[in-house]
Each structure stands twice: as structure tokens, then as C-alpha cells.
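Presented below are the structures under discussion, each in the form of C-alpha cells.
The same subunit A turns up in both complexes below, where it pairs with subunit B and then with subunit C.
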Partner chain A sequence: MMKITVCIGSACHLKGSREIVERLQALIIKQNIADHIELKGTFCLGNCAKEGVSIMIDDQYFNVSKENIEHFFNEEVLIRLKAQ
Partner chain B sequence: MSLFLETGYTSLNKKDEELCGDKVETIIKDDQITLVLADGLGSGVKANILATLTSKILCTLIANQVSIDECIETIIQSLPVCKVRKVAYSTFSIIHINDQGHGYLFEFDNPQAIYIHHGSCKDLNRESLNILNKVVYKSELNLSVNDHLLIMSDGAIHAGVGSTLNFGWQRDDIKKYIENSDIDTASARALAWFVAKACHDLYMGIPGDDTTIAAIKVKRIEKVDLLVGPPVDKDNDNYYVARFLNNDGKKIVCGGTSSQIVARYLNKEVKTLFDYPDKDVPPIGHIEGIDLTTEGVLTLKRLLELSKRYLSISDLNDKRFKAKDGASLLADMLFEKATHITFYVGQSINIAHQNLPIDISMKIKLVESLANDLRQMGKRIVVNYD
Partner chain C sequence: MIKFDTKVQYLKYQVLKEVARHAHNGDLMEHVLDIPKDIVSGDVPTMRCCVYKERAILAERVKMAINTDRSKNNVIQTIDIACDECPVGGYEVTASCRGCIAHRCAEACPRQAITFDSQQKAHIDKSKCVECGLCAKVCPYNAIVNYQRPCEKACKVNAITMDDNKKAVINDDKCIACGACVYQCPFGAITDRSFILDVIKLLKESNDNNEYKIYAVVAPSIASQFSYVSLGQVISGIKKLGFYSVVEAALGADLTAYLEAQELASKGFLTSSCCPAFVAYIKKEFPKMVEHISHNLSPMAVLAKYIKDNDPQAKVIFIGPCTAKKMEIKEETVRPYVDSVLTFEELQALFDSRDLKLSTLKEDVLDNASYFGRIFARSGGLSDAIKQAMLEQKIDFDLKPKVCDGIEECKTALLKASHNVLDANFIEGMACIDGCIGGAGCLTHGVKSKAEVDKYGKLAYEKTINEAISVIK
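This part shows the complex of A and B:
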């Protein structure tokens, strides 16, 4: 089970975390991988100063924006999932 | 047992009038509240002056234990005489009550008050007094916990006359309307709004008369402790959290870092869901043992908008908060339920927030405005800065 944690704290909310969450939820359904991914929210991850919304895949940090969310999903999420 | 008195009112201005000819005045003195609702003769400026003078004079005198006879005499001598009608006239209802629910009600020419006990509406026993040829009714008040007392100007019982209703909204109909709802479980302010809103609807949005509904409620004391922001002194997080948790109120934590500090102290986890009942308010969190956990500044900003609306005496939006977003949940606990609120405001600066519209000065400002609004609602507020 892969754990994806999206920051929904103040700063990330302003940077569009709600949209990021919706996009991820849609992508997960589209790829039919909901059984393999636990998507959850968290308050501030302490990375507010970086561009984009803070996301963790298991214990690794990423900063994702609306523009590169698909890229992130394809390159990080799907590839990791296949490797597992 | 110590109880708490809460008051609230809503006014509708007669169509095309900028000023209301009804006036509500409240004075809180020690453990007593004096509330006066006066309805001045006519409408507009003239009525407003009469009602303002009457409510102000009566409220000040009664709050200072002056006898009703002397009050009436003072009013008769001070009200300006209307040039057109050759009379000086204003109706009034006066509630003078202590926080045990004991006191008096005096009524002069306003519709009779409605006493709400366990969801049913009753009439109080009235004794008629003749003071300087005016008939004033006096009732003894013995309100128990969760009782409301509702007073109104005649705009309420005239609502809809000749349009939606042949004879207006009779007092018995108002009683039935209240009994058929669950509004008696809400605050005094919400009850007053609830009846005024119905009047507004019966007038089809164009009140034919100034209409004011005021209510007073006896409540059990309900304390809330609210922690917002981590303390400056990082090494003493635990000390501040312990002080917050050891106070005896319901617990609210606002802010991401704050909730992590509290969760760490309790050895629990902050759980968050992706529920966005309102897209502008970040989702709430959950910490076992904490009654409500929300995001910080953005939620508080929305809460402040809600408090402005809640405090407004002319805003007809629902005074109850049923939505499930963080700000509405806070509003329900703080505005509708709480009587005593203690703030624990941490002033630590979140470096990452500095160039965003959520920095520390914003947070402090929000808390200060919020505390002021809560004081205006009649709550007892303590603010600690850590």
C-alpha cells in the first residue's frame, strides 16, 4: 500500500491543495488503483516556503503544482507503484 | 449554581425608512441585565428619537434600581410632544433580571411578552398598575435554565395585515410558530432572528411598520478554551499545552502547527479528511480528546465574517450554523453555545507564512477582532498571549 499525503494547511490551501486533491482522486479512479493507494490529508508539513503544494509519497517530499500534477502522478506515483 | 444571561434582538425598518422607530437598550450591571424595547410614535426620525430617549432613560434608571413610578414620571416629563399629533408617546417593555433568572417585566402598550419553557409558549401572570393614569403591567420573572422570554413591538403582530394575512400575525400564531420549531434550543439572538425573519416574510420583504423582536435566555455556563498558534518559547510547548488542557472548558485547536503540538503532547495523531463542505475553508482535523481541530488563519478569517453577520441586528441570514466546514463549526460552538471563552494565542512567527496573506500580524488582528465581537455578543472573554 502506497501512502500519499497531501498538505491541506493554510499556505498549501492558498496554493491550491483542494484542486490537487481532486485531481489526484480523479487520476486514481481513472487508473483503477484505489486499492493500492491510501490518499490522506495533513496539516502543515513545514515546507510552505517552497513553490507548489507539499505532498509526501510514503516518507519522501514533493512539491506539486496544478501544472505538473499529471507529470508527478505518471512519473512518481505510477512508476513507484509498478516497481512495488 | 451560577447561570448566564444572554440577550439578542433583530429589527426590521419600515419600508423606505433609514431609521428604525423601535429601539433596544441593554445594560449589564454586576449580575443583572436590564433590557428595554421601546417603540416610538410614528416612524422615521421622530419615532427614532422618542424610542431612543425612552429606552435610554428607562434602561439607565431601572438598572440603577429607580422605582417604576419615578421612571414613568421622568418619561412623561422628558419626551418631546409631537407637533402633529399633540402627544408624546412611546410604548415599552422592560426586563430587569439577575443571572439566577429572577426579576421583573414591565409592559406598556407593547404586545404581551411570550415566555418559552421546555418548548412551549406561555403567558406570564400580569398585575396591572396605574401610574399617573397609565396602565403598566408588571410580571414577576422566575426563569429556569434554557427558558426564553420574548418581547416585541407591534410590527410583529401586524405582519402581513391586509396582504398575506387578514388580521396580521396574531400573538397566538406566533406562539404556535415557535412551538412548531426547535428554535427554543437555540440562543436568544437566534430566537429573535427566527421570529423577525417570519415577520419579514409575511410582510413579503416590505415591512409596513418597524418591527423588533428581542429575547433573553437563561443558560448554563459553558466554557470553551481555544488554542491558536504555537508559543514563541518553543522549548516550553508542553507547558503551554498543559495549561490549555488543564482549564475546564471544551477544547478547540486552530492551526496546523498548533494541532501538531497538542497531538504530540497527548501522544495522538492529527487526522485530517478531504472534506470540503466549503471550498474556501480548509478541511478540519481530528485529535482524540480535542472537541474541534481546524486550520488557522483562513478559517478564522471566515469566522470573523460570520461573526459580523451574527452580530448584525438587521441581517436576516440564519443565526444558527448548520454547515460542516471549520468556520461554521467554530461559529456554532463559540457564538451559539459558549458563554465563557479563553484564548491561548501563540505568537510564534511561521517563517514560511511571511510573504503570504496569513502571517502572524494577520492572525493577531483576527483574534483581537474576534474577541471584540464575542464580547459584543455578551460572552466573557479572556485572552492570553504566549
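This part shows the complex of A and C:
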């Protein structure tokens, strides 16, 4: 099970974390991988000043924007999932 | 810079601030007996008969601030020696009585309790008077006054009486911990016990959020508070105190509105559950109505539950205007989620105990909820949110809310509902007048508070309830 944690704290919220969550939910359904991914929210990952929305895949940290969310999903989420 | 409505609040704040300062420095026990003299340092009394009584009362306030005696359940407590034993004579004729010819007072009195002496001045026979107040209303000179204690007058649930020594006594079986008496007693003889030391301990032991993370869940009524700085600076200040993250309780309110709309539609009649004093009132005075209380957790509790579901090690502190929240967290359904409660008064004391100058801090952001979650802070907001939640979920239900502004209106609505004569299917109950912005733990209570909440609501990034809660559903 892969755990994806999206920061929904105030700073990330204003940078579009809701849209990121919605995109991820849609992509997970589209790829039919809901059984393999646990999508969670958290209030702050401690990187408020960085650009983009903070996301953790398990224990690894990423910055993702609304523009590159699909790239992130394909390159980081799907590839890791295949490797597992 | 005016921080408080009254000097009574300021005194309480000074005590909390000194207690917090010493607790943070780790030398509270060495200095606890010095605090009264640190605050009243001169030889000339400014509040009571002598500085020794002033200090003795301050020592009692220190006890309420450190709150070591947890044997009493109620968080609202009297300070016996601070009670001024106010006159309790009821309606009395004052020297303003001119001895007129009209005698409207006697005409108005339904019990023939008013007689006149040889100078035509009125006298009230206490054995006949039923305190209806009609005589006072008709006197053209306003010469008849009601000597009622401010605490008893403030307590609309009749939980305050006096003992044989004329000291105020709180009946815990009736008290709903709304704090109205705390705010209204002009001598500060009734106060809410503080959990500020619990919070400082949690902050210290978190080791800069490394042992566990501490979340502040902040009530939306904060929009009407700390008006001498920006909200963003207050958020920075809360984080400077050592909180890991600050989250809007209003996001919990969005979720509450969403779920309560469903519950209302399926049950057909409901009373709200977000005001803990209102819920306590139903349990104590209208036990037959308990089944109608919404089963949803309050906004505070529902959000704290979300935080802990995702981070079981987390600690959650609610910061708000409310003394009754200090009772709510003792409820079995809430206790696992909320670790402690601070009022805005106590937050101000915490800031100043650390010498944080909020005006010098950079602005942080606080944005989790929608407009509708945020307007829970004022009377009528909850009903507006339920209506919106029904609209967004396409729930077909003929919503007829009864907005109860203050516990007296709650009482009337509950009485009617218990006799099936209330023309409404949803009771929004707020114990404080104006809603949470009228809470006893507020720093200030102003005419602009409601407008400030609405303005803050409109600034929300999310415009709908569904959008706001989509991230936590």
C-alpha cells in the first residue's frame, strides 16, 4: 500500500491543494489503483514557504503544482507503484 | 491599544500572564505566592478596601489560573472573597420619587403593593410585590429601580442564588458554563478555571513538535478579536508559541453543516449540537428533547477527530471565545480528540507572557474553510450553512429554522417544541447573545463583531461547503 499525503494546511490550500487532491482522486480512479493507494490529508508538512503544494509519497517529500500534477502522478506515483 | 472591555478582564489577564510566564520559565512554584504582590505592588488600594484584600483576591485568581484542584467538575467557579454581596432588594423606590399626584405606579401594580406616605412618596410592600416591574416601567421619573445582582441577571438559566452570607452560589446542576456571569460580574467574583498550564506543559514536552505535533484549532469568531493587528499576525504568533499548525474550526463547521443537513432531512426535526452550553441546557432542562439533538460532533470535535485519525500522536488545542468548550472536552465523545481549550483571553495572556509583539510579526495565512463554515461564529450563520448544505447536496427538504439568539430564546423554542407547537423543524441554539462572538472568553465584544465575521467569511478561498470539505471527506 502506497501512502500519499497531501498538505491541506492554509498555505498549501491557497496554492491549490484542493484541486491537487481532486486531480489525484480522479487519476487514481482512472488508473483503477484505488486498492493500492491510501490518499490522506494533513495540516502542514512544514514547507509553507516553498513553491507548490507539499506532498509525501510514503516518507519522501515533493512539491507539486496544479500544472505538473499529471507529470508527478505518471513519473512518481505510477512508476513507484509498478516497482512495488 | 484597547485589549479588553473591562478592567476585570484585564486583572484576570494579568494573573494568567504572570502564571504563564513563570510556568514557561520553570519557576512557577517558587514565585506563585509573589504574583499578587507583583500585580498590586503599591500601598494605595484602587479596587477594594485595602491592598491586602486586593492581593488576597488575586491569590484566589492565581488558584483559578493554575487550576490544580480538579475535584470540582464545573469550570465556572465563584471567588467568595471577591463577591461584593451586591444588594438584592428587588424593586425599590429611590429618592427620585417626587411624590406626584398621578400615582401611575400604584395604578399599574396588579397586587396593590404600593402605598404612599404623608408626602405622597411611594413605598413597596415586599410581602405583596411579585417583581413584575410594571411600576418601574410607568414611573415618569424612573424612580423605581430593580436591585438585581448582575450575576443573577446575567444567568438566564437561574443557576445563581445567594447563600446565608449573601455570597453568590452556582448550582452546578443548572449551570451550563456559558460564562455570562463571568463576563457580567462587575467585581470579577465569578471566573472560569484555566487550562493554560496544561497547554504550556504540552507545548514544552512536544520538544518543538518533535515528540508529537500540536495543532491549534481556532474558532472563526477570532475574526472579531485581536483587532489591533492583522489575523495573519495572530496566526504567526500562535506558531511562535510553539504550535505546529493552525487550522480553522470553521472547516469542521463546514463538515458539520454538510452532515447535519443530511441528518435533519432524514429525521425531520433536529436541534443543533455545536454550542456546548445549548446542548448542556437541553440535557439539564429538557431531557425529553435529548433525542432530537444532532448526533454530529461539534465543529471543534469533528475537525480534531480528523486530525487525530491522520496523526494519532497529535495533540489538539481548541482556541475560542467559549468557556463551555472547557466542559465539552470532558464529554466521552469528545475527550479522545481535544486535549485542551484556551479562550482568546488566555491566548492574549500566553502571547504577552512570552513578550511576543504581534505587530512586529510577519503575516501568516489561515484559510481552510468556506464562507458558510466561518459564519457559524454569529447567530443565524449555522442555519444559513444548513440551507446551503441542502442546496449543494440537492436535498429536497422544506427547511424551517428557528434561530435562537441567546439562551432565553433557546428556552422559548425548546418549550414550544416539547409541546409540538414550534413552527420550525430545526432549532439553531446559541447560548450567547449574538452567537460565539458574544462568548465570555472574548477579549472584546463590539457592535462591529458580526460585520467582521461576515467580512472574514467572504475572504474565504473556498466559496462552497462541498469544495471546502472535499479535502477531508
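Note that in this section the second predicted complex is superposed on the first by the 84 of 84 C-alpha atoms of A that agree within 3 Å, B and C clash if a C-alpha of one lies under 4 Å from a C-alpha of the other, contacts with A are read in each partner's own complex, and residues count from 1 in each chain.
The rule is short, and it goes like this: a residue touches a chain if its C-beta (ideal position, glycine included) is under 8 Å from a C-beta of that chain, and two chains touch if they have at least 3 such contacts.
Please read all numbers here as calculations on a predicted model, not as lab measurements.
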Touched partner set for A:S10, first subunit B, second subunit C, both or neither: both
Partner chain in contact with A:N47 - subunit B first, subunit C second, else both or neither: first
Touched partner set for A:R18, first subunit B, second subunit C, both or neither: both
Subunit B and subunit C contact sites that coincide on subunit A, given as residue numbers: 6, 8-11, 13-14, 17-18, 21, 40-44, 46, 48
Residue ranges of subunit A in contact with subunit B within the complex: 6, 8-11, 13-14, 17-18, 21, 25, 39-44, 46-49
Contact footprint of subunit C on subunit A as seen in their complex: 6, 8-11, 13-14, 17-18, 21-22, 40-44, 46, 48
Residue ranges of subunit C touching subunit A (in the complex, touch as defined): 215, 235, 244-248, 306-307, 310-311, 364-368, 461-462, 467, 470-472
Residues of subunit B defined as touching subunit A within the complex: 255-257, 259-260, 270, 272-274, 276, 279, 282-283, 285, 295-298, 350-353, 356-358
